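By written order: A, B, C and D. Residues from 1 in each chain.
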Amino acid sequence: MSGAGGKRWLCAAVMAALALQWCAVRWDFNRYYLGVAVDAGINVILAVSLNLINGHTGQFSLGHAGFMAVGGYTAAKLTLVLGGGCPSWAQPALFLGGLLCGGMLAALVGLAVGLPTLRLRGDYLAIVTLGFGEIIRVVFQNSEFFGAATGLTGIPNWTHLGWTCGFAALTVYAILSVVDSTYGRGFPAVRDNEVAAAASGINPVRYKVSAFVVGAFFAGVAGGLYAHHKTVLNPTGFDFLKSIDIVVMVILGGMGRTAGVVAAAVLLTLLPELLRGFAEYRMILYALLIILLMLLRPQGLFNFGPSTRA
Amino acid sequence: MTEFAQQLLNGLALGSIYALIALGYTMVYGVLRFINFAHSDVLMLGAFAAFYLAAATPHMAAATPLLHAGMVVLGAALICAVLGALIERLAYRPLRDRPRITVLITAIGVSLLIEYTCQHPAVFGAATRSFPQLFPQHNLTLGGLTLSSNDLAVLGITALLLALLWFVVQKTKLGVAMRAVAFNPQAASLMGVDVGRIISVTFALGSALAAVAGIAYALRAPGIEPLMGVQPGIKAFIAAVLGGIGNLPGAVLGGLLLGLIETFAGGLKQLSNYRDAIAFALLIIILILRPAGLLGREQPEKV
Amino acid sequence: MLEIKDLTVRYGAVTALHGVSLSVKAGEIVTLLGANGAGKTTTLRAISGLQRAVSGTVSFEGCDITRMPPHEIVRRGLGHVPEGRMIFANLTVVENLLMGAYLLGEAQAAEQRERVFQTFPRLQERQAQVAGTLSGGEQQMLAIGRALMGRPKCLLLDEPSLGIAPLLVRAIFEKIVEINHTQGITILLVEQNANLALAVAHRGCVLETGRVVLSDDSAALRANPQVKSAYLGG
Amino acid sequence: MDGVTLRFGGLMALAGLDLRVEEGEILGLIGPNGAGTTSAFNLVTGVYAPGEGDIRLAGQSTVGLLPHELASRGIARTFQNIRLFGSLSVLDNVRVAVASRQHGGFWNALWRGRAFHAGERAAEVEAMDLLSLFGLERQSATLASGLPYGDQRRLELARAPALRPRLLLLDAPAAGMNPTEKAALAELIRFIRQKFQLAVLLVEHDMPVVMGLCERIVVLDHGVKIAEGTPAQVRVHPQVIEAYLGAEPAHA
């Protein structure tokens, strides 16, 4: 992706997203399909941002749902408090502000998770991030301000296809352009060999923490979109299973392969919908899929390039 | 004062259950260096095995209750031992030389598979069922302290199992081989030890302990359901890390400590809702400040 | 007794052994010499099954053991004292020895332990001590003693002199000769300390970057200037 | 010009070692297995901190600096077991090291303005120049993990000068090479020293390479310096021969 072309591409994608939204309203697309499409867009944001942490930088985070929860609750609370007296023309600005605030706060939490866990790697890091995710969830569960166990309800239904696709495009653009640069090669360099990276003048700490902060930011935005899509938020939606879902998307798509991860996110959103008829077996199949994937194709289903790991 | 002693007793009873589960995590980590996520589901399977075994033998329960309880516990332990070894053979052994993260994700997959399969209406179903009282119900009072016969049984069985495990690991050839494999599998294989077999035995032993812990947990809980293992499983894992993962006495110490902390935190109104968060915060603090745990030793990374 | 034919071993992109062939007859001490990285340790690891060979065969007493797992090879009477000794530092001396006799019955193990204690009285003195607290020399004795516990017919020894004070090295080499003489155990010895190794060995081979470049009687090798140049350059 | 001085002492693996690398020289650091040569290396590159003593680079103490800080101050190294970025292309392996000297990478990469493109081009040109010096320009797009062994070694050597170092530490660069490759390697090391005006500290077990390449050699055994001098002096030094071949047995 060349630089200026990348920005042009991003503008085109955002325009297309808005046009699509206009068409959706104009010709009254099927609600159900629209809902699934929004879900897919949110999952793309989550998976692509986690891919920066888990795939490109090689850290293993199992707490992405926690960042998502921070962003979701923040954005929802903001629009609930400020949205009442807000004229309809200002709604998009408020929404955008809410999403960004959610993202920022999630990024801060990402910093708080990324810094102390620098020394940890592999399964220890996985467990600690899982722990952070659970702590975030428990805090929301017990906080009266955020509706405790019942969560937040009556969140305005502002997330439509345009917002979702627009932000999905923005996420893909941002992560791709950071990674696809000489600076960004530092992420896989730290993953491939931290010792050699340091010996080559690369500061592994900066890269690892940046990955957490940037990844968490987009997860927070996704959380905000999710909140204004479902219109209700409760803590159980952000448990460890949600984190696993996102991890599976990344693995299925191939760690560090953005295109594959996007495809996997869409596929894994559609799969349960397609399997509705087999609802009883759906989750069993899902678990089997994880195991078989690890046994037979640990490099990911959509990873056709040469083996990236020696 | 009596309140404190009562809480202490409750904490020890809960902690000893955690200790039993933590031992399984720690033993598996010792030989294979990965976190067996499915361990918490073996615990659940143990409780269900006991449930069905007890239901199948009502006459015996009425005639000789203690013998019956022993039979049920032993049977469940045996079933889980086989299941644990089977899980290792089918899911983990093919991944022996792969990156640890691959094994970890597989373990999560196995855990989900067991949970969802068991939730299926044709298997156990998602609903909570009441667990039979295996031991005759009595409440012993001792100077203002109340001790239920269940708690007494849990404490007794745990103590017995810990002693037994200690004997096996310290005094038998099998135990020495287990420690040797944990320290250096290659060197152990040069002694003629079939490392694969020792790993299977380790899984079987850990799973049997988990089954007993599952039954003990079910006796204290309102009932059993396919996700019952998740909470105690995570707690026990934290206990294992707290004590120093791979370290057997550490797992017991960590389990008891965590049980006590949880019980005392639960006793305070302001903290009771944050019980789980406290356990995780503890884990994070330990891993960041002292990754090797309380009794573990740090191994420096080689360059 | 031990026949190695055309053994090739690779670690990833690196070929560590390029078709190494050598043979050891029953009752012999054969030493494998060469500088660091020449492939000595790899040869031993390939023999005892710790390292998979790409091609070539290893046969022991006429039986092909190339693809066997290590514990099967040990069962056939081939002991290996690995590089870095690999004692079980978390076990006591007696437990280490017990592991060495893993395949024997209890009575046999006890009997064998007495013999090992006769060879290494120091181990008897320290029997209850945790092995990790032994000195380097004692650890080496334990590593050899542990391998002897399995009543091997042939013993692979990887750098027994490494990191040990010179006086103890001498003592350990005397033990090696004794083991060979009195117990009739065939020995394949990897050593960096060439003069010492050639003093005890009947024959020797010199490895250079994964190939056997010299193979001769000890006496002839001692006189051969090529050995010195393999270490220090010509 | 100041000499590059390294000094450390009083460690477990190394007992009060004094070592001095002069500007522009090739110094060999050798010793039998476990003599402490790798520990010395790890001290200089900041992987370990010395228990006592001091390490100075051009007069300034480097104790307490992290490996990447040392790298950006001019200490480059290679590794005994080659450490490349396997999933990156050959070009990128060198380019990340070049780019570690650039600033403001993240926002530049995100915004992709003019400065970004200029920086990218400069890094690419510099990296390509290095690759062609080492004869790797034709493989610039292949993944590093896909290179044959000899090329991987060369790539590691090509990456080091990208830091513009004053001192290059080479850890067993000849391991696993055949005699022809070794000769080419020695030539290459001399060339690097010449071209980039740097000092080389070489740890190597392959004696012909060390003897042929180094102006001065320091021999360690059990963490103690037992000899120092030219290759010819060291080769006949009795303690060195004893350390490597063992003492002549008394009864021989």
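Here is the rule we go by: a residue touches a chain if its C-beta (ideal position, glycine included) is under 8 Å from a C-beta of that chain, and two chains touch if they have at least 3 such contacts.
Note that this is a predicted model, so its numbers are computed, not measured.
**Q** Give me the set of chains touching chain A intersected with the set touching chain C.
**A** In this structure, the chains that contact chain C and also chain A are B, D.
**Q** Please identify which chain has its centre, taken as the mean of its CA atoms, farthest from the centre of chain A.
**A** C
**Q** Using mean CA coordinates as chain centres, what's the chain B-chain D distance in Å?
**A** 50
**Q** Measuring centre to centre with CA averages, how many angstrom lie between chain B and chain C?
**A** 42
**Q** Quick one: chain C and chain D, Cα centre-to-centre, how many Å?
**A** 34
**Q** How many angstrom lie between the centres of chain A and chain D, each centre taken as the mean Cα position?
**A** Each chain reduced to its C-alpha mean, chain A and chain D end up 41 Å apart.
**Q** Where in chain B do residues touch at least two different other chains?
**A** 303
**Q** Of all the residues in chain A, which ones touch at least 2 other chains?
**A** In chain A, 195, 310 touch at least two other chains.
**Q** If you look at chain C, which of its residues touch at least two other chains?
**A** In chain C, nothing touches at least two other chains.
**Q** Could you please specify the touching residues of chain C with respect to chain B in the complex?
**A** 48-50, 69-71, 74-75, 79-80, 82, 86-91, 95, 98-100, 102-103, 146-147, 150
**Q** If you look only at chain A, which of its residues touch chain B in the complex?
**A** Touching chain B from chain A are residues 60, 116-117, 119-120, 122-124, 126-128, 131-132, 134-135, 138-139, 141-142, 195, 244, 247, 251, 280-281, 283-284, 286-291, 294-295, 298.
**Q** Under the definition above, what is the set of chain D residues touching chain C in their complex?
**A** 32-34, 147-149, 152, 172, 175-178, 205-212, 235, 240-241, 244-249, 251-252
**Q** Okay, in this complex, where on chain B does chain C touch?
**A** 173, 176-177, 179-180, 182-184, 186-195
**Q** Report the residues of chain B in contact with chain A in the complex, numbered from low to high.
**A** On the chain B side, the touching residues are 34-35, 91, 94-95, 98-106, 108-110, 112-113, 115-117, 119-121, 237, 241, 273-274, 276-277, 280-281, 283-284, 287-288, 291, 303.
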